[in-house]
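A, B, C and D are the chain letters, set down in written order, and residue numbers restart from 1 in every chain.
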């Protein structure tokens, strides 16, 4: 295996709470991404997926503290905090934000905002920059002449396309996309997803897609991580995750997602996720799990490789524990 | 959902809500200069001739993209928007033009469930007050004790048991799913006959959606008619008896859920179905992606409104505005508005 | 096209406001108990004089006729004559207005420049000691009664700067150079301008701070950070530009205050501007002058607001929608 | 609303109901909770309460009477008269204590008038929208553009200078800000789903206004009224300074005027000028601090900052639990 383009080792994020105390939003996330890979983060709201990818770019507010390493081609970009991460922003890792409606400054022209990072990172200036902006817009399906439009003159879908063009301005290696299609219509969603897949293939981009929508990950990504309560509970090929899940949460999450042609009953998962502002004991999913057994309340399962070639954090995969109960 | 419990035919059950040729428009402001220059008055034709029926014990899903007019249709039924033309009948009575007392009476029987459970409850009202409100507004429920009983019953019907656990709580003390259940309980307090649910689960986490949808399904079984507005075809396929697909203010295809999903007849429905992502990574569908976005409902194309984006359009489509009809070889009750279907 | 619409609407609004102000001006002054002449106070205000005035003002005619006459004479630039000096009101007002403008401009320029600067710094360094200190000072200045601040400055700078008037009366005898006259005028302007400037400074700094803080919480600021922009570039190139919108509106609205400030400040420093004329007219119950001054002050605020509307159009591309 | 979730709770994460402490946004506790949680508000509130107490118990607190000549004109501060004497030989401290009464009465009463007018206009315009809104807002805009102090001067000069007149004049002029802010808030509340739900339910407009809308805008109305108190006190000093105050009453504004007219400056009697101004400034400062603190607390936007000089911190990895 070649060296991963982006590796995360034991990433933790805490937020100071206004009323005192702190919230352990990301609790030891590790993963490695290969060049050109399309990887997905799935989970419900509050599971820490967005915080995780914001942490990769050091885009956390001042109330956050971070531990762990983020290795970009072997270099720890979080080693010196803001200082060490800022040179890599947009040139190596770029991002498409959730709700592109607000990702653009309403009082500046779209083209200007796409060209801004080019100028900043000394990639192109003046006429060259304008030409490149035009090319990028055409590539995402917007006429180059629209560069002089203001964001409010674009439809939702176009704004999202423009946000993608902006993310590609400095030819990054890794593209993070946070819920890029939420609030868009199905047809526009399909257009955007197709565009992202095409771009990842054409430019050899590593695409990290964050979404709460399992079918999107299933259709777009080859590998994915399922997050719950700030940790990865299962990670591996999307195919295996669907056909042979080794964590009850993954299985139940798929079962809760209606499918167009599958007529099996859709089931909800009872209970709510645990609060992250206090120490968790045992498996965080145990209270909602349909197969929890003796050790789950006390012992926290680690993320270990399973026989299917992926990893899950569940005691059910430990034959010794299972036998003992 | 299992096959059995669904009424597959539309016979026998009396119609609850009949909508015929409903039209709703909003004027587009043209400004001082525009008026001065004699610029034509424009209107958004949000709903442009929509007809459908919801029967007792039936869940009809109105599916469409934003701007298709599905929400305006729902609001017209509750008369939150004034329809410009067409008739709406509830239990056979024409309710299109009613006002005052009659309208208040109608609002007892037809209840709306909103999309956003984080916003649809007054943050200052305890659960009890929220569910009591409809009773107080309509002067129902008699004395305090009676109201208390009705509130508890509504909570239980909405699956919030035991009621004591929830009665004195504020919305911010509840999870999203619980809030949506409280909203549903409040709509049930007046024992309505028709529920209009506008995207009832799209703001909720996946893990609790099924619970809310199953609750609606139970209510349907108990005899309520439900009109569900949604953009999610998968949800509609699982929980609806019938699906009506809307495009630019018009229903372009309508029929039993299973038929519409498995044997779509209208090219728009086909395209829409083909782009719905599926859970199974191995089942890669060949998405038939339409170019561009839904056009502005101010400029509805002449002829078939779908023709500029239609992959199978023929010259005739540019002139003929097709009506809903049963295509050849289709099952009973399945209609599409396409001359090529 | 949409822009033309906006332009037309704002112009219409300004014109209607002018008309409303003129009418209000008429109504208020005719709604006096007794009539405008009754309360007149001056040495030579005998009963005969007052009756003569009444006839001159047409107070014996019907209100409607009076209104028409009022509008007609206003259209001809005639605001009547001062009760006290018997000079035309217009002549009484023009010179003072020309005296006031540079003084107010100096004070406003000071407050806008420093208010914006310190507001930006405070928002940017939000939550730091710098922000805290800035906030306290702005709040404090904002809370000081204008006339009182003027008096305090008078006490503090009593020996250093001229305390009243607009020019040194003895300077004229020395055949001053252009430069000497300029310096003299400036020296007389400093204290009143500083009083206005300090009070407005507090207000502007507070407005800029909160408006910028709001802009800094917008999502595009996060985008700008992700793009690798340095903090100052984000503040300057993205947030500041967007935050100028509410600031422009609020500054325009605070012009009403400027007028009030001018009256109080000119009274304190006996600065012969339109404010002092107003003050004197109030004391002497010289209604024609008061009426004229009120109209001019209102028109200047309406005009400034109109300019702000046009500026807003320049600043915000969305405004035409 | 910010759509990028960058902090805890930003995405409206479901919370475990059993863990959330009661109260919170329950019955109208916003103002109270702001007072408790923000030192700025607590200081402002305390100062205001103390000033009100001083005004109420003025006869008990003041060492001398408000018109009592106790020494030579402009006697400087001494142990007997900590703030010195004015031009009539009256004790400044006593004057300040008595003056608080009129200043506060004008401030609060005028603010109440403004709140009534502005609140009603704002609620009607915001709730009913359409033509009602356009008409009311036009009127508000005209009022907003016409310079306030000259208008007050003119009205006061013509209508006479009794306390009631002054209160009404100030109240009638300063309702515009409240009306605009309340209207904006009501407009947004009206679009809230729970209001639309109540409408769909068939609830009457008055029920919706009083049960849903008013409680929601009440804290903002309070904040605004507190800010208007400051403006009203300010206006009173301006009117009094221009000789348009009620001549029979002592207020802080009148004291400043009196010092100016009696040429306290030429005799360097700073003690006759400084104290009333400071008293005004302190009360205005208190109102501003309290008012803006409530406003800030109601504006969730100001709490998220994507940019800060302080950055996220790095910390060592937590120790692994032994397993």
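Operating definition for what follows: a residue touches a chain if its C-beta (ideal position, glycine included) is under 8 Å from a C-beta of that chain, and two chains touch if they have at least 3 such contacts.
Nothing here was measured: the structure is a model prediction, and the numbers come from that model.
Peer 1: Does B-D or A-B have the larger number of C-beta pairs in contact?
Peer 2: A-B
Peer 1: By CA centroids, point me to the most central chain in this structure.
Peer 2: D
Peer 1: Tell me, please, which chain's centre (mean of its C-alpha atoms) is farthest from the centre of subunit B?
Peer 2: Farthest by centroid: C.
Peer 1: Measure off the straight-line distance from the CA centroid of subunit A to the CA centroid of subunit D, and report it in whole Å.
Peer 2: Subunit A and subunit D have C-alpha centres separated by 46 Å.
Peer 1: Rounded to a whole Å, what is the gap between the Cα centroids of subunit A and subunit B?
Peer 2: The separation of the two C-alpha centroids amounts to 32 Å.
Peer 1: Measuring from the mean C-alpha position of subunit C to the mean C-alpha position of subunit D, what distance in angstrom results?
Peer 2: The separation of the two C-alpha centroids amounts to 23 Å.
Peer 1: Can you pull out the residues of subunit A that are in contact with at least two other chains?
Peer 2: Residue numbers touching two or more other chains: 45, 59, 97, 99, 102, 272.
Peer 1: On subunit B, where are the residues touching two or more other chains?
Peer 2: Where subunit B meets two or more other chains at a single residue, that happens at 175, 177, 205.
Peer 1: Do you know which subunit C residues sit against two or more other chains?
Peer 2: 218-219, 222, 225
Peer 1: Show me the residue ranges of subunit B that touch subunit A in the complex, using the header's touch definition.
Peer 2: Contact set of subunit B toward subunit A: 1-3, 65-66, 175, 177, 205-214, 231-235, 237-239, 261-262, 271-273, 275-282, 284-285, 287, 289-290, 293-294.
Peer 1: Residues of subunit D touching subunit C in their complex?
Peer 2: Within the complex, subunit D contacts subunit C at residues 2-4, 6, 141-142, 144-151, 153-155, 157-160, 230, 234, 237-238, 241-244, 253, 256, 259-260, 265, 268, 270, 273-274, 276-277, 280-282, 284-285, 288-289, 292, 296, 299, 301-310.
Peer 1: Along subunit D, where are the residues that touch subunit A in the complex?
Peer 2: Touch list, subunit D to subunit A: 2-9, 11-17, 19, 303-306, 308, 310-318, 321, 323.
Peer 1: Across the complex, what residues on subunit C touch subunit D?
Peer 2: Where subunit C meets subunit D, its residues are 13, 17, 20-21, 24, 28-29, 31-33, 39, 124-128, 139-140, 142-149, 151-152, 154-155, 158, 206, 210, 213-214, 216-219, 221-222, 225, 231, 234-235, 239, 253, 255-257, 259-260, 263-264, 267-268, 278-279, 282-283, 285, 287, 290-291, 293-294, 297-298, 301-302, 305.
Peer 1: State the interface residues of subunit B toward subunit D in the complex, per the touch definition above.
Peer 2: On the subunit B side, the touching residues are 78, 80, 103-104, 107-108, 111-112, 114-116, 118-124, 133-134, 137-138, 169-170, 172-178, 183, 186, 205.
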